[in-house]
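Here the chain labels run A, B, C and D in written order, and each chain numbers its own residues starting at 1.
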Amino acid sequence: MEIAMIGLGRMGANMAERLHRGGHRVIGVDPGEAARASAAARGFDVSATAAEALAKLSVPRVVWLMVPAGEVVDQTLASLSPHLSEGDVVIDGGNSYYKDSMRRATQLLEEDVTYLDCGTSGGVWGLQEGYSLMIGGDAAAVERVGAIFRTLAPAEDRGWVHAGPSGAGHFCKMVHNGIEYGMMQAYAEGFALMQRKTEFNLDLGQVAAAWQHGSVVRSWLLDLSADALSRNPQLDGIAPFVPDSGEGRWTVAEAIDLDVSAPVITLSLLERLRSREKNSFSDRMLSALRNQFGGHAMVKE
Amino acid sequence: MEIAMIGLGRMGANMAERLHRGGHRVIGVDPGEAARASAAARGFDVSATAAEALAKLSVPRVVWLMVPAGEVVDQTLASLSPHLSEGDVVIDGGNSYYKDSMRRATQLLEEDVTYLDCGTSGGVWGLQEGYSLMIGGDAAAVERVGAIFRTLAPAEDRGWVHAGPSGAGHFCKMVHNGIEYGMMQAYAEGFALMQRKTEFNLDLGQVAAAWQHGSVVRSWLLDLSADALSRNPQLDGIAPFVPDSGEGRWTVAEAIDLDVSAPVITLSLLERLRSREKNSFSDRMLSALRNQFGGHAMVKE
Amino acid sequence: MEIAMIGLGRMGANMAERLHRGGHRVIGVDPGEAARASAAARGFDVSATAAEALAKLSVPRVVWLMVPAGEVVDQTLASLSPHLSEGDVVIDGGNSYYKDSMRRATQLLEEDVTYLDCGTSGGVWGLQEGYSLMIGGDAAAVERVGAIFRTLAPAEDRGWVHAGPSGAGHFCKMVHNGIEYGMMQAYAEGFALMQRKTEFNLDLGQVAAAWQHGSVVRSWLLDLSADALSRNPQLDGIAPFVPDSGEGRWTVAEAIDLDVSAPVITLSLLERLRSREKNSFSDRMLSALRNQFGGHAMVKE
Amino acid sequence: MEIAMIGLGRMGANMAERLHRGGHRVIGVDPGEAARASAAARGFDVSATAAEALAKLSVPRVVWLMVPAGEVVDQTLASLSPHLSEGDVVIDGGNSYYKDSMRRATQLLEEDVTYLDCGTSGGVWGLQEGYSLMIGGDAAAVERVGAIFRTLAPAEDRGWVHAGPSGAGHFCKMVHNGIEYGMMQAYAEGFALMQRKTEFNLDLGQVAAAWQHGSVVRSWLLDLSADALSRNPQLDGIAPFVPDSGEGRWTVAEAIDLDVSAPVITLSLLERLRSREKNSFSDRMLSALRNQFGGHAMVKE
């Protein structure tokens, strides 16, 4: 098929290359000259603007957005809109909030353009291993661009799903990331506990490696853990500072909205907030209160 | 009544003074010369050893232990034991683990000495306001030394309870402290949230003061919070480092033993552990994993 | 002063009565005939519509809203608006979301009407004991209607605070309720633990009563606990089903928005959600997974 | 090699068969006639008593214990002890508490018998896929019986680790299970959230299947989830009742002992306790308190 890949960042460039390798005609779009040069070196066509790229594709066209979630998606759609025509399919493969995707699908439908939301998992390894894709939107459109999904996925018939109507794809990806937070925190706590047990002098990389085969906790995240710990067993030089990208927050808010108690996903998010607190006011308050009622000494800064 | 108060630390000296003021004959015991001198200046008799103090009291005697929980209690009992005689009552007013108290009561019973476990709450304010007392052990003995409890409590008929058999007093005190952890953490989180909301420029001391009267959250801990925040609204100079004294841990362990889910008390304890982590391994692990799968930059130390 | 109290539910009727007793001229407004009749029996004037009530007051007028948060407030303001004139002060004493209050204040300012947001705590006991009030909005207006606040509060000079600009009052009330959730959960867990410790056969009402005097955990909520437990020690006949009113959710969302980790307040909310789950899907999933990997039997429904 | 497998339950019988298939001479030991008959049908030798089995093996002998953790292990060792001789190696492959294993190793060393603690993961799938093994104890002994570990593991050189001195094996297994609790809870919460989002009518089995390939959350537990959900998408007929086997409790206690905050593993355990509460006293207490201060109706049983 022919496809325009808008956004040639880490994810977009890899996905464009995987599609290109898979025999599709890909036109990568990015305003950045360096991004375009790097993409061109990977063998596929590039354009500086979406308008230019769309002009090169035969109609109806397929456009894949791989840009930062939020306002950038709306801006990109606004600039795309004049150049789209009836029957085109636009796929948002980024980490958009599913309610934004539902709104955008409704808006584009007024122009007879189909909008699909596609949660994309796999990170930097997706180029080689394929991406796990969760797709929301019109079934006929999903079928029409199925060749694209089959190439991006790890295999033709696995690793992708038409999850449901508009929004369902990004909803599933949001939950996927919430689960990811919980799993990561579970491993992190377990390895922290083993690291603290100095009397056993455990080699965490070797323990992780043993778990990779046959254990109940084997997983891809464990493979990555084993790799990280075998190269840097004490994680020296890494700061205990953990960003979060938004999807964890949405998952927590959605769970509360739906009256679902999700303590582990929630605490995993709070732990990340906590990792970034430099001088916790609540902890200082506890220290002040202990001093007040018990005369306990406060540690001074 | 006559009573020996063993241990003239912050709590013991205050309790001895309250008993002395209440008309009891008190002999304070402490190996430390300074502690004895300070106690003597408060008007009651002192001795360097329990043996000396016991010799001054008419039998059957009442002995109150106010020493650090754990081994010190057992050591104190071992040194007391040769000097005790049938009918004496020993009261442990410290923060002992209730199962230790049950064991000690059984041991002393073999010597016809009654052991009472008395959870004591009130901190440094107890001298003036009285102590809340939760007592475990033989009912007849509790009645016999009731005059002591009535003087230590805020009022003759309130602020103290014979909770149940041996261990029941320290058990209730343990749970009391677990609740205390949860309440403190709730206030700390709330004030931290208001402090972070800089757009409102809230005066936390004034808000706390307004809550002291008529609000659902009014409490003695809030009174202390209002006092602390009115004097130091930003808690300047206080480190976010919160010790824990053991009773929170016992409460968490007991809850799990009894299959009771107590998430708030448990998380309050974990938050204190967390406050003392300088370079969390689990947070560094999360950062390393994010880098592994997403290529996200790690913050370096 | 003169004041119209719009909404004669449990809270509004009590507040109107407290103002009436305090010497103010109160006109209660409620569309419900029964509510008006009941209010009239308490001694103050009533009207069926706000328009009618406003017409009876001399300008500039003071109007207090005590209606359910959300759309009802906007509807009430819409119906009030044509009858308001320059200089009037409208006070929302309900549990509105603080961002709604900020929006409403801006809207009314265009009509030269001042809007104050007043968080009101105290529940059904406020009539006798006074209410704790946290007020947001224009300082001059707060001063102008100060006599109202002084009467509603437990005392002239305590129990109320002008917290800050528009929104600050309801923001503080929101946090107040978050703290309330955490405190309630801490007590509930502690009493549950004591109730489960059947070997001590504790009388929870007596333990709570002893804590009311001199203990670190004494509070108004403990007073209520002691009362409830002394009358119904096993809480017989009460279902383990706990509603939540919205303010806890807002507090949790705000904390996450501000990157403040508030695990205890958050878990207190989740516990309420959990109390209402009849057939938890996540627990069934855990059971299914244990069966899958370990061959453990699943309990059937 | 030759080996006695003591305990022919679900795990022991499978492990004996895998060793038998791997060319080792296995004598299975179980007091139960049915267990022995079933084992004999799988092709390997059986005995009713350990004494009988030991007499058939050439010295020094290798004995593998696969019996329930706790007292049964001590009883088994007591009955084995008279029949062991210098140089024998006893391996505890069950879920023993690591401190018990350290104590037992010290005791057996006095009889010149080497005790190895081996955490065994893999569940009912281990027969075909091999077991992940974490071994603690003397390095020379581990090397001597290495052929056993290499056969039980998924491959000769992977899936097993000599983790450290006595206790290290069961310590790692304990942490492994703590992580397992956290991961299971993370998946369970995520699927519960998707199940509750009825507007998307998600097919959870299909979503899980898509995640199995290429996603960040792919794992063996996800494979099992996909299998369970594809066969029973609503988990009909399964009760929300989740047992726990002890290792989660030990992990939580160990974390607190070591001052490591492990909120996700801890909450995963508490959630299981919670799943088994039929009539939560703490929830009833919350309901009673809401009624006390706010006049909110209580739901009756």
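In the analysis below, contacts are C-beta pairs under 8 Å (C-beta built on N, C-alpha and C of every residue); 3 or more make two chains touch, one makes a residue touch a chain.
Note that the coordinates shown come from a computational prediction; the quantities given were computed from them, not determined experimentally.
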Of A-D and B-D, the pair joined by more C-beta contact pairs is A-D
Chain located farthest away, centre of chain A as origin (C-alpha)
B
Return the distance between the CA-based centres of chain B and chain D, expressed in whole Å.
40
Cα centroid separation between chain C and chain D, in whole Å?
48
When the C-alpha atoms of chain A and chain D are each averaged to a single point, how far apart are the two points in Å?
33
Set of chain C residues in contact with two or more other chains
123, 185, 187, 189, 192, 196, 216, 220-221, 259-260, 262-263, 267, 270-271, 274, 277, 280, 282, 293
Where on chain B is chain D touching in the complex?
216, 249, 252-253, 256, 259-263, 266-267, 269-271, 273-274, 276-277, 280, 282, 293
Interface residues, chain A side, partner chain D - complex:
121-123, 126, 129-134, 136, 153-155, 158-161, 163-165, 167-168, 171-172, 175-183, 185-187, 189-190, 192-194, 196-197, 200-203, 206-207, 209-222, 251, 254-255, 258-260, 262-265, 267-268, 270-271
Chain D contact footprint on chain C (complex, rising order)
10, 123-125, 184-185, 187-189, 191-192, 195-196, 220-221, 224-225, 227-228, 232, 235, 237-243, 263, 267, 271-272, 274-275, 277, 279-296, 298-301
